[in-house]
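Some structures to go through are shown next.
Shared between the two complexes below is subunit A, which has subunit B as its partner in the first and subunit C in the second.
The block that comes next holds the complex of A and B.
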């Protein structure tokens, strides 16, 4: 199980902004991710730069729970408000099934990586 | 001359007739019964004819035609390993001495022989033979005891209408854990699990003695609480004498933890007395489990006044109990798994004739006893509990720790679960528990949610039940199941997730109690 002690990585290449989540996205770390991402993207950092696609890289995650999904929904809305597109990359298996179960795959581009 | 079973018998082997004659005279004078052999082959014939255990010592020359002393020594080690052998060597044959000692010779003598050295060496060798034989007999007795204990615990099944299944792993060859059944009425059966402190012969003996005392007193219609009081008094008085040093030099100084379950089929109740053991778990065929009574209290022998923890459990056809000695609790804690899942895994391994490797990590004897009020075929279709936990309302932050604990336990008890099923069970359980703690218990420490998992191997189904003391909710899971979750609040997303992950989901108490099933 991964906790937020492992730092997220945010990088931009051309017009693609990528957030790499280093482990599970679950109730015990989602709030920390929310705060960290908001701080780095809205508090200066990369927020002012041009990007059209926001990629959430969940390849290292084995589990995304309802609080993690809540955060994903928040980011979906946030990206929509900025006229961008959102893509979620996962390693398949359980995380992919969770997105399909909950129909979030209809709202984001879901890619197996 | 050492005393023992009579005149010690010494076999002397040498190809030199003068030496043989000299040794015969010397040793006979010292009171030994002497048998002579002129070479290695003759010695082997004598030893074979007399049989293992006949001679008390062999004194053999090293240099002999045919086979030398070292070769004879190896033969003796193979045929009568407790028999001490003294090697006679010429002065300065250091390599022979070294090889002889390495080969198992108890001593060596330089030729020409010194009478006093011979006397002392022979006495030591005969004493060594006696000691080794006594050790061998003790080991054989312990082994026999263990086999008897295992047979009594695992094979002798007296069908009293309450079927038992026992799993026993002593820390050493024998142990003080024991289980017994007694008929105390036409449809009343007493089940007694005992754990005597220590893992040795004394513990085994004391355990057997206690079982005998109970049987005798029960036959005289003495009530169980009175029997426990009596045994407590005996042990406590003995312990006081031992500790005080004024009594016998070596008292029992042992205690006995006891869990007694009296099953009354006519009244459909089971009464449980607990003195220093875990509390038994009772469950119904649907997997609904309860802990009967409260674990702990004090074993018999600690204090003059006995305080048994007593509880009554309603039973019905298909009811079952599981109880264990503290060795299981210790091992479960070491492995960081639930006690029920470890009990399941051990019973399962026993049925499959396997001794799991992790048992070697146990620090104490382990005895697990299952009692079934149903026949074996009905039990196959029943659910057996793997978890029965309570989580305080303020423990939502520790859900990762709980989840890791569930994972280890499930992997131990049901290694056949696929990664996908395990993920679904863990995620749905996590959601259910978080909902229960945050909404049902309002994160208050004084409130708690119950969490239980049971499984039926025959139906390959796992059942998760989570209940909280809250008012429940009015959210229509079925209605929202197919609409996706993007417009929902987090709590409702959790419910939808549970609904999607589980094969079936049902609720009671307006949703405050949820049951999910997973097929594997």
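The block that comes next holds the complex of A and C.
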């Protein structure tokens, strides 16, 4: 499991909560992100603070695999259940194509950054 | 072909007329040959540029064809994945089977839990009844207090010993009442606690049952819908497969056609080489004309020049047409390729149904992965619930057993008390004095009997309840261990299935990305080809530049011959010219010219290429050898080549 520091990766400005993924979102690290984000959002950290938009910043990612997509879908549902909006920022290329092939661009706001 | 450079300047140095009258028309021819020489030099230079252009286009088309072939393979792979051909067809069936098995197990757990809850409700009701028994017992034993007072009244006139005897009996009655209060007070309080615990367990199980039932119903419905959709998609994929394969192969065919169009460069090149090779011969004949000493020797080289220049002009025209046709063919082919790519994009690759089956975030793979996750979670909850119920019920089983023992002891003592009272009364019986005691003893015995009956009944109920609760505890224990085993097995198997599903989706995504890459590659090289292709300048500038002076020479030669009344029907001369034409299209031009005398027939459409051109291109030496007897057979009588039907080139192309 990949170890990373989440403190610098989840931040909130006004009503926008941003998760910055520093690399690929793939099977080797997806579970760590799932656990950590759930802990931070529901158990402490940013929990309780008002946010309306959850931004997943994948600009540094070259690849999102099936397990990573599964996690994105989980977050989409989670955010939708809370009445929020989700936005994914990517640098184009493979990640953008992946979102289009999986039709996730119809479920989230997809921004090329 | 390496040709020795044509030294046109030599012509200038030739003496025009030796020993005869000056020949002023030689100067006109000389000037025209100068123009031919200049144009031939430009043609030679430009041919190198044209060849470089052909090479560049060829490279682009080769890459495009590579992408085209890769594209067909990738589409076939994707179709295979979507229809379950390439991959294991159980890729969806395995997780579905696992989910169904787990769901069945959970349903079985649900049924068994339902039955246990029904039992627990019955025990709860029995406890309510037992708690009612306490009041009945108190009511039954209440008269003992009066009996105690009456014993004291009846014993008062009797002697001290008897008074003490019945006094001890009354003390025992008091003690019994005290014990009764304690036992029923303490144990019925515990029984109330047991009832409360049972209520709690029942409520929890009911809650879980309700959640589990709803979740199972949702999953079953979702899986049912998904499976139905899978079957529909697999059916429609058979049709989609045909469409996809048809379109992807059409793209590859179009790319191939474009490549074939490009191969006309060799035909053009060959024609122009024949033209270039003829130029030195024309030079030689012109030299003969200039150097002729007798008037009779002038006509033959001039006839040659007339025929040859017309023929070379015709060949240049044919080469120009070939080039324009090649350019049009390449452009049209690339246009078709791009059109079919758009078709593929809109009709096949972007199909939502297709994505739903393979990669979509709300498609088959995602549904199965999520369901596996949720079933695992449900199984975990079921195990936890069974464990909680088991832990909560376990002390209730032993509590019920203690109460049974106490109730039985109580009943036995009450029974003994009744008997003792009767015995004591019988011993002191003495006429009317003992009659009261006997009645009291009988009444005491009746009360004790009633108490005993109620206690026994309560004990029986408690026994049954204790046994039932113990069974419930055991059943919950079994359920707990079975669910734990099932959870462990499901955990391992479902994770393995999830990995397979993720690998499948990754494979599909990779294939889609590769298809996207191939499409981009085809598009890029197609556009690059369109930008590179520039035959028009060559066709409109260079080739006419050479054609024009040749035709002018032919015109001049014709005028020269007409002025002298010469006819140009020398079969031997014509046959000599023909021998260099090895390509079918060249012979066709030749025959058209020699039979009709027209250089450019009035036809809106240029004659299509003969199939033999392609054969020559494919196997030039063999065809050239084969063409030789044909030329000999025709001899001096040249028959026109049979016209080629306009739709024949397509079938000719198939030869490749």
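Some notes on this structure:
Methods note: the second predicted complex is superposed on the first by the 105 of 113 C-alpha atoms of A that agree within 3 Å, B and C clash if a C-alpha of one lies under 4 Å from a C-alpha of the other, contacts with A are read in each partner's own complex, and residues count from 1 in each chain.
Heads up, the rule we're going with is that a residue touches a chain if its C-beta (ideal position, glycine included) is under 8 Å from a C-beta of that chain, and two chains touch if they have at least 3 such contacts.
As the structure is a computational prediction, the values presented were derived from the model and not from experiment.
After alignment on the shared subunit A, the placement of subunit B and subunit C results in a clash. Once the two complexes are laid over each other on the shared chain, residue contacts for A:27 go to subunit B and to subunit C alike.
Contact with both subunit B and subunit C is seen for A:65 once the two complexes are overlaid on the shared chain.
Judged by the touch definition given at the top, the superposed model places A:73 against both subunit B and subunit C. By the touch criterion stated above, A:91 is placed in contact with neither subunit B nor subunit C.
More subunit A residues lie in contact with B than with the other chain of the pair subunit B and subunit C. When both complexes are overlaid on chain A, the residue A:53 reaches neither subunit B nor subunit C. Shared-chain residue A:102: touches subunit B and subunit C both. 27, 65-67, 69-70, 73, 76, 94, 97-98, 101-104, 107 are the residues of subunit A that lie in the contact sets of both subunit B and subunit C, per the superposition on chain A. Of all residues in subunit C, those touching subunit A in their complex are 352, 355, 359-363, 365-366, 369-370, 501-503, 505-506, 509, 512-513, 516. Across the complex, subunit B meets subunit A through its residues 396-397, 399-400, 403-404, 419-420, 423-424, 426-427, 430-431, 434, 483-486, 490-491, 493-494, 496-497, 500-501. Listing the residues of subunit A that touch subunit C in their complex gives 27, 65-67, 69-70, 72-73, 76, 94, 97-98, 101-104, 107. Within the complex, the subunit A residues that touch subunit B are 1, 3, 26-28, 62-63, 65-67, 69-70, 73, 76, 93-94, 97-98, 101-104, 106-107.
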